[in-house]
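Here it is, the structure in full.
When the chains are written out, they are named A, B, C and D in that same order, and each has its own residue count from 1.
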């Protein structure tokens, strides 16, 4: 790249061509999208979350557009870990792009199962534990909404694999720093912030929820400010831990916001749906920005946000 | 599948419809009837996602070579925005997408049933069928005359045509399904193709199942990506081996499915009459359209 | 109104001409806006939050636009309860529009002080306790982020006043139902859901937060889905409690979404800034909707959302 | 204060500037120099808030009676959208807003200093001052020739004029503040009015304080509402009685403030040279412009 700039990024040991990754559930494993996107210019692909058994998912409608965002309620539809390996194994082994496998489960045990199986799969670069799903052993409370449960999952998964493990957290908690700390104590090699924000929309003509699953996850630019805040809070508390910033990233500037807030890399989700080329453009844009600022690596931006008046947080939500 | 910035060649009004003809050589070249394209909306809008539109026409040869036509009625922000598009503007288009209508191998008498904008892909299909020596008949319906899409074109392309409108402002008063039995008999229909509102597809599919007529229907579900990665666009489809059913992605396993394998009751609710499609262990005796069954999953 | 429809709404004893209120901090007390809006067509005005002493507020910039929303960090600037009474007392006493006074404080004691003083002010229709502000007695944790602290404030305030008291909650919690229940147990006559969502934006040129207060509150259509979800969750758990739905309401349809989710009334905030007439148009739109559906009162819409597949919640955030 | 749907009478280009003339009788009738209007952006955009623009011209009499003109440079989505506005389009406008420039009571020699689009309101002000028999001189500056707003107009309205550009492409090379001392001497300036980038206003105010010259400056802060209810647009201003300072709303207590009472250091940071403006107990000896001090707070 121009001006001695390199976008190469080392994420907890994973070598990436760029710090811009595809977010889970928005890019498959890369196979389908390879026809539209040059995968060599993609940092890595985080797969759709995989569970031990096949999951059929929720009834339609599974999405609804909201202002500057969308709600989705897929219900983790996936072919199960065996079906996943059959479908995606060869592609992943091919090594065209680093693949981080997102794993999910209804119990600590299920996470462990998938982690073990996935770790044996050639070519897998890392594991992202999607702990933003309901825990059947705790009245369906979401793992990531409970620091202890989150720590249990991560502790078990890290013991089960040699691969770097990223804990993917939700912003729908009173204190995300507490959950983050618990995951790091349990051995997480990095944190992925954030998953979608729980929301709902209602059809005023039919009086029905616009989603078959009633509630769903809000994504897109609408949640960007929330995600930047979460990355900022966690990075302040855990400056050593690699963070992947996620939430409403659509262009280089929004990606750079996350790096300045403390992220080492970013994931692009919803934008892939309408702008499949955006990850490549964002990486190029970051490169151009670095050149313009006379910097040589994205890491020079990490956590560089200047905050004189701290701690102003927790701020006056109420105006 | 390609992503192209396509220049708008021309825009037309036909009754309630707007049509846009695009210069899109690669897409047009691959396009087959029943496939669709995803059109990007402009930046700085509060709505983000591409809008899917069936390919109404794709010209590979002749004066219109390399062009693609879509037709739509303004129903919301995306389609309203599209009505302001003018010749020489550029649209960001991804396509061709999805599983097209399969063609029958043995000689066949084909009845094409279109409701509302669902008629758009059927003329393209009719041409392809005729060029393969098939007999084509058509039923084109809509709420009213304004919304009947290209009645004249239907007459030009088919042996027999029935037009239906719910308000009787054109052709027979009623729904396309009212005209279905009569046409099937008159035309010795051997296979039915349908595109239109999902409840219409369901009625057509259920009637054809009763009559043991193969059907291919182009369904419509909300789509976020259009390319198979988001899993929002699924439809419950019975496995060919009857071992159960799956949510298949209508953007790549469809939008065209065999009407007898869509589990309508599960998808659209209510009770399926006359035939029920139970979920498990049900032998989905597929009514094949020649090699249709050999098409990709679904 | 046409077709025997009446928009009259009784909110915990307060008689309102319409169920559409002005949200705190977005409409003053009504004086300034009376030149642009016919206050007789406004359900009620919730004032900017008032504290015991004058508060100068945070340095600028105090706002930044975000996709379909805005972040604000005002820092509760207000003249203090005495200054407030001096400035707004006569207008409130005038009774041109029902006025609900929003109160805030750094401690339970401060809330009590303001509540007492405000209760003596002629013409005040009710009190909204903005408990989404930092509690100096608990390491600046926001009252509304802690069910117990929230309950303490509400318990004290309700004891100090004869006026109906609404507890205004934040969505930035793991379990908003728990906080809501605690407030209701403590005597809240109603709940206002939701306050702004904590967010942050960074200027990529200066590396500085775009807000003088570093973090700030996200408002506008971007948060609507989150707010509807909160109202839905709380209404399910507390069907008897009057709820005021707040968050990204811009038109009649979005207001009706909140009513269907379980709200008895709604507040409009950010939309007042760019469309001062919107509260009036929303009320008229609700009226037209009722006529079209052959209904006679907004209360007929309350909680009418049809949810066969419940409980799907807590839903699969992670897709 | 009114809200009006205003028809666009005409749009113009002047160098880097776009200007829009609106039919807005009520607003034009009340408008005074230094006040502004808030223009609504269209629906379905990801940005929501109205955009504030100074009133460049407001004609109460003559051929243009009841019209209002604003001028701007496209810098972002709102102003970019405004560049597509054409005659006969309608804009949703609220105004007139804010505290206008006060006029001196005693005879005065007035120097008007404008930077970039900050020059826009000064011609309106110059006319009003002249009609009151004041002497008007002007310094108009910008980055380059393209951004010098209406140099000719400046010459027409003032006795002496200095144009400055940072790149020297027009007039003297440098900033308006470089030309300030010379002009003040040449013109026996008794009061200075300034509008432009905040750092420029600060430099002007600090120079004038040194020279004991009364100044009125029109500041700019981010505004969410423009009508005094959101408290986003505040500027730190020293109390007249010196008992301290307050954050005053620039949308109603301003945008025009007495330059000597804005606490520049607090607001814009850095160190204030030459004079410091300490926060507490500081006697803000206001340099009054005639009855200026008798204007609403600020």
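Keep this in mind: a residue touches a chain if its C-beta (ideal position, glycine included) is under 8 Å from a C-beta of that chain, and two chains touch if they have at least 3 such contacts.
On a predicted model such as this, the values are computed, not experimentally measured, just so you know.
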*Quick one: how many steps at least from subunit A to subunit C, stepping chain to touching chain?*
1
*If you average the Cα atoms per chain, which one ends up farthest from subunit A?*
D
*If you average the CA atoms of subunit C and of subunit D, how many Å lie between those two points?*
36
*How big is the gap, in whole Å, between where the Cα atoms of subunit B centre and where those of subunit C centre?*
47
*Residues of subunit B touching 2+ other chains?*
46-47, 231
_Contacts with 2+ other chains: residues of subunit C_ = 25, 48, 59, 67-69, 72, 74, 220-221, 319
*In the complex, go through subunit B and note every residue touching subunit A.*
1, 3, 40-41, 46-50, 94, 221-222, 224-235, 246-247, 252, 266-267
*Of all residues in subunit B, which touch subunit D in the complex?*
44-47, 77
*What residues of subunit C sit close enough to touch subunit A in their complex?*
24-25, 48-49, 58-59, 66-69, 71-76, 102, 104, 130, 132-134, 140-142, 145-146, 168, 170, 172-175, 195-202, 204, 206-209, 212-218, 220-226, 228-229, 232, 248, 253, 256-257, 260-261, 289, 304-307, 309-319
*Which of the residues in subunit A come into contact with subunit B in the complex?*
25-28, 32-33, 35-36, 48, 56-57, 59-65, 67-70, 72, 74, 77, 220-221, 270, 272-277
